[in-house]
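Below you'll find a set of structures to go through.
Common to both upcoming complexes is subunit A, partnered first by subunit B, then by subunit C.
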Partner chain A sequence: MRLSLNKRFVYRISYIVYRAAGRKLILFAACGIFFAACLFGCSKKQLPKVHIQKLKNSRYQLIVDGRPYIVKGVCYNPVPIGKNHEYDWWNDPAKPWITDGKLMQEMGINTIRIYEPAKNPEAVKKVIRDLYQLYGIRTILGNWLGFWEYPSPLYGDKAFQEKISKEVLETVDLYKDEPGVLLWVLGNENNYSCLGRVNPWSTPEIESEPDPQKKNALRYKIYYSFVNRLAQEIHKLDIDHPVALGNGELTGLEAARDYCPDIDLVACIIYRGKSFGPLFRSLRMTFDRPILLVEIGADCYDAYLKKEDQNMQAFFLESQWRQIYENLADAQKGEGNCIGAVTFEWTDEWWKHNEYSAEGWNVHDTGSNWSSGSYYFDIKAENNMNMNEEWFGIVALSEEKVNGLYKRIPRKAYYVLRDFWKNPAKN
Partner chain B sequence: MRSAICQQTAQQDNFAQQIMEAKTKDEAYLLLEEASDGYLANNRYNEFVAFLGVLRPQRQDLLPAMDYYTGLARYRQIEYLEEAQEWNEYFNRGDAYRQELLSSLEKAIDETSYLEEVNLYARLTLWQYYKGRDDPLNSKVLSGLCESVAQYSQLKQEVEPVRKIADALKSAGENAKAKELYALYIKKISAAGIKESRLKEIASGFYAAGNIELSEGIYDVYIERSLQENKQKLIPALKTIAAQFVYQDNGQGDPVYAEKLFAKIEELAGKQVLDEESMYLRAFNLEKIKDFAGAEDRYAFLVKQYPKGRHFEEAALKAGLISAYVLQDKLSAKGFFERLTQDEKIISPQVISAYYQLGLLAQWEGDLEKARASYLKLLEKAGGDFSDTTALANARLKEIEENRPMEYNLKMFLQASLGDNFIAQRLAAADLSCRPYRLRPDEQAVAEATPQPAQTGCIPIAFNYLWSGHNGEKEPPADERLLKFSHKYSGTKEINLVIVSPTGIIAYAFDLVDVY
Partner chain C sequence: MKKFLMILAALTIAAPVFAAETAAEGPKEFGVYSDKGARENHFIPSGWIGDYGDVKMVDQSTTNPQSGATCVEFTYNAKKSQGNGWAGVYWQNPANNWGSKPNSGFDLSGMNKLTFWARGAKGGEVIQEFFVGGIGYEPKALYPDSLIKVAVGPVELTDTWQQYSINLSGRDLSYVIGGFGWVTNADVNPQGCTFYIDNVKFEKEEGLAPTAKQAQEMPFYVFADRSFSKNHFIPSGWMGDYGDLRIDTGSKENPYLGDTCLKITYSGQATQGARWAGMCWQHPANNWGNVDAGYDLSRATKLTFWARGEKGGERIEEFKIGGLMGEFSDSDSAVIGPVILNKDWTQYTIDLKGKDMSYIIGGFCWAANVDNNPNGAVFYLDEIKFE
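After this line comes the complex of A and B, so read on.
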């Protein structure tokens, strides 16, 4: 962890005082903090604005501006009907984030996740500022780490590493002082490329190794060591925001434990249906870091009955969030290593099923893209293809336009999660 | 409709009356159980809870049982609402039901001791609820349940609750804990002075009822006790029990347990004690659990010991196929195939297949003349029969005559299984299974390939499934993980598969089916 012992001690005292005394005794708390700070010679050093706190019972909390923060997030990529992922929504004159931010605030969302910011920093800053200043919504900024580069992400290549490092550090430098920034996520499901099945890459050393398991181990070593060096560089540049390792499932984290000591938290992409299973405990055993689930969710199209089913989506999301709350630091039970989650996603994206056909971007396709038995209600669909990539939004897009924007229609999951967050204890 | 409702109401009143008047607790418990079965089987959860509410003031002595049944009803109700997708009630009343479930079960547990069945069943339901939600409390509740059952079993004579709870754990996939409780049950019944012959009967009864785990546990006690008496007398019984557990297409049986018993027989009396039938069963059983090396060893033994036996041809062909395509031992493989073709007078599906395999191995090694000779011999022997194998031979002959490379799927399979860059792990990288393994001529069968789940998240990968071998008379499908086939002629048919991802071969698999 990045906190020094002194900082941790001071912070712990301030936090205990805060919790124990409550708002009525703020003056007393402030004195306590000041006293502790003087005592340990840390008065000149400030706590990072956003940091991870490891509690006495080994549980983890995300602290933002001195207060515990549960990430209640959504993945945000408001591509309108008829456009694809190349659309520059950041410069959309209709400012979708203003409309969306209001709806998000009303629902209880406090965070959005951006996979990678656009090239125009002023536009990006405007979005981050608007969401934060108007609605108190913070932004997680990510970087793909070249995962989609053609022909493949060459993590074993020095020039490739340097190019990506430069890109990432420029992003951090550009946005680190934005008050709305929450944390950095490095990569997404890039670890799967180390298993050689998606976006495969190699090096002469890997090629000369005959054992497939050892090949994978070599790829993990190269990839995770690279991410760790990036984390070290980011920490030098920005002390105020934690660095997360984006990872598909927990795959490869036993290697990350050895090669990523400078990572502050893991940010996992998890699609396990109703329940995360022993995820939180497994992580504790594998790589003891706090976990932020940066992609969870369910689609709302029943591929078997061939109709929209908002209840099915609401059911899975409520069940997932219930388990997230059971594993927060202050929960009565659970592992206490979860700091929240980001639901995939805010609005449907109509371009996804057939991304190469511009005609298809105007159609809300019901074709399925992948299969998952964990989403069991429609698993009997043809060839078990039950996951409908264009139907993950907790807000649907109507073809009717209002003030230049396709009208947002909250789905049942929107209301179920809103009610859950208002009173999670009763569940 | 109205008469059904009237009937239900009358039955409900009747139960309530009987429970209120029951003289003993045991009598009342039985009636409650009967009432619960009736209500819950018909998804009448709210009515059952209301029914219990009516009884409460009248029978204070039954309160823990009524709390248990309230919790059970709510547990089943939540399960039902999800399954039936009764979403309005699920979202509107789900939280209230969950709270009632927890408070009722916790009350039932607090108000009783582990010597009462209600206590055990309330713990079981609580655990099932937590387990279903992957709640972090589930392991703690499970430990508490198992400890309570252990204490109960020490002090009480009744053993059925122990078995019922073990069954519930097993069906929920908690095999290790279920095994512990089955052990308690077995200990209890074996301590009751039951004779060996009766133990065997009980084990057989559980086998027939589908409780394989418990059946095996009791057979183990029977075997242990019998070993102390007369080892030699035990061997015929062991053969019979092992035969009961060998692989069966209907899913009954436990091939791993069967092999354990075969190994025990060999340990007690040597390999020779197994007659041809038992040795064949053992080899077949090993083949089905994909212990190909073990199967080859037993088939080879059969070939050597029983050259005139009824399983000779099948054993020789299978030993050859396994030697070639799994064990990479072409020399032994050829030896087995040549044994089958030695006697010119014999024509059988296995002999025809052996000619094909000899041709194929020669073609793969580049000895095209030898290959051609084998295929021609096959066609001569087959006459107009065995069209599935003659079609394959004709296709190979055409390749040789037209100087074309071997059919792509087959070539890839031979490359993966016999090539210089053989990678053993590829054989374990996919699971290939057939349903059924033993089929009648023209019966439809399915081979299903499942690549090892290397995770790729929501990024789909397109695998190519390259099927080859004896796939029936239809062309194998391109790029489908299911292969549907049927065969006109009897005999052993080999199913070959190579799975290719954009990065190259990731797995190869091999399986055998028998047409009778």
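After this line comes the complex of A and C, so read on.
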């Protein structure tokens, strides 16, 4: 029998005591010392506070403080009417997160997603703590990875990479000890930049490649390798929280499988209307990681009939959440690789349709910004433009103020999801 | 008197039971067309669609009817009178009802299939689809068919009468205004065709189960040749700068195989201001996910096609299958690209392994843009097929 060093030491002490005293009494004492040492000295290493557990049947669960955790989240950016994305709501004297947190808790929400925290760490910590301590709501913290940097995110540039790495690691270091933090999300839909669809970037090596498919492959390699190095660095700094790869759809994940193996889960942005289709199975076959849907949702404005339609929004959201539950680890069917989702979004944002017009921030615009046949009720709108960016909130904003805050009016989706989460098996 | 009251009471109790049994049994047939002027004709062939000028109808043809004294004879001359390249006829109730007339049509809830007889004048005539229902969905009407269009086809006719059947089990037949119809096109009948229809009726068949989509045999063609009867998708989905596009579905300029290929001309003029354009092969035509149709292509592991550029160097951003999203979305999608075309025919493959191909309405698609084709592009496609 081979014993570890600790065990050998304890065994030796026990043996000496055994030889020195009466046999029976000392036998008991020796055994006691041995087991106590085993218990305290050789006990298992403590598990991270938040981690992914792969079950024997290859399904995935998110474990938080030792218990399974289904992410029932919302994207949170409580910009008031008349302000735009630059507004520092973290320091809003009306403390919107206090009012919102209570409503969220009543609905069953347990997580918010922040795309990127503000520059003032004390304000950020205050929000995270308030939500966690008052309502048990945890926070997903993200980082854009310089996606919106002018002129473009230069992922092939060493200096750019170092700058972003420093920023990300500082964020992790600042907030990793906050009990309310759930996990980190790196990027959002940055993978689309590798296809040149948005914020295109390049390097001399990419430019010298004549084959456009190989150009894209090179960009994927550079980008996902960069994210992988970030994930490795975060793991060294913080063992308590998983690192997620933010990704638009499943696009590019076959490359992520090769170049980004150190991420713990994928965090996808998916707008597919009523059905996710084969999403969960496709992911399993492409890049076998658990999935958190960090943006799903539906707007509640019928661009064809030109009127608010809360039924339409509630219909899509309920259908989406039903499929999320069908693909959780403990579901009877499905792939078992989903750990939850984050609905876009908590409140409407009135600045989004025309973000550069301050006048427009005071108007709840009904203009559409994009088109999707998946949201088919109003696809017959002019030029098929049916997605209304200012109408995605599951809570509407009234122009009436209460205690310095625009009054929150839960929409039908709020109640439908609340009832669904109360008893998903019944629904 | 007492005896009379007892009989009356017994009759009062028994009568509804008897009536209910009769109602439950119901009629086993409901005619669409049997003979000219027959009482059983409940629908009128009034809905002429597409190139209606290309169609001639004789609704009392005595040329060898399948039964009775007459059948309906159609002649389609494929001259594209209205510029569509296709034509068809709907049997409606009442005549010319496109879903605007309330309280019309029939409640055929007891029926579960439609049968009809058809033959070609020579044999080999191809009818793209025979169908039931679907009136008032596109464009949306106030009083549409309760039955979403159910179709069979393409059907290659023989010169002898054959009976065909459309399974309607499990479908909503509570308000039927489009009792029957057919549509065909000039591609599959370039010289036109003459064919006959007879004895069209709804029927009730005990124990008939709803049809699940059957997995199609491979290879399964999107396009082989212009006149090939088994081209299963239609290049009807024009996207972006659709004004920049032209397609010749019967180009004889050096086809890869057979006597024709597809020639696509993209002018790159940005006519609609989108600076990109594309074309999607759909089933049925113009289905953006709003019609429950398409094919189960679960047996496919790849899609292959041949392509060449007129000059070489034309850049196509994407070749794609699936990905149409709507109420009835494609079950999956797969894509390759960007592809720079060679001047010579080159085969390309889209890998479908691991994809859910059980419900495909968008059989093939391409997209290109002005930025990479500032002077437009002319390119050719051939032998597009699932394998």
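Just so it is clear, the second predicted complex is superposed on the first by the 384 of 427 C-alpha atoms of A that agree within 3 Å, B and C clash if a C-alpha of one lies under 4 Å from a C-alpha of the other, contacts with A are read in each partner's own complex, and residues count from 1 in each chain.
Please note the rule applied: a residue touches a chain if its C-beta (ideal position, glycine included) is under 8 Å from a C-beta of that chain, and two chains touch if they have at least 3 such contacts.
Bear in mind the structure is a predicted one, so any value in this text is a computation, not a measurement.
Once the two complexes are overlaid through subunit A, subunit B and subunit C clash, as defined at the top of the document.
When the two structures are aligned on the shared chain, A:213 is found in touch with subunit B and with subunit C. Shared-chain residue A:369: touches subunit B; no touch with subunit C. By the touch criterion defined above, A:380 reaches subunit C but does not reach subunit B. In the superposition on chain A, A:198 makes contact with subunit B only, while subunit C stays out of contact range.
By the touch criterion stated above, A:227 is placed in contact with neither subunit B nor subunit C. Contact with both subunit B and subunit C is seen for A:275 once the two complexes are overlaid on the shared chain.
Of the two partner chains, subunit C is the only one that A:285 touches; subunit B does not reach it. Note on subunit A: of its two partners subunit C and subunit B, the one contacting more of its residues is B.
Aligning on the C-alpha atoms of chain A brings subunit B into conflict with subunit C at a single listed stretch, 199-207, out of 1-9, 127-135, 199-207 or 307-315. Comparing the two interfaces of subunit A, the one with subunit B and the one with subunit C have residues 211-213, 275, 277-278, 281 in common. Every residue of subunit A that touches subunit C in the complex is listed here, in rising order: 211-213, 216, 272-275, 277-278, 281-282, 285-286, 372-374, 376, 379-380.
Here subunit C touches subunit A in the complex through residues 140, 288-290, 315, 324-327, 329-332, 336-340, 354-356, going by the rule given at the top. Within the complex formed with subunit A, the residues of subunit B that make contact are 82, 85, 87, 90-91, 95, 98-99, 133-137, 423, 425, 454-461, 501-503, 506.
For subunit A in complex with subunit B, the touching residues are 189, 192, 195-198, 200, 210-213, 248-249, 251, 269, 271, 275-278, 280-281, 311-312, 314-315, 318-319, 322-323, 326-327, 333-335, 369-370, 377, 387, 389, 412, 416, 426-427.
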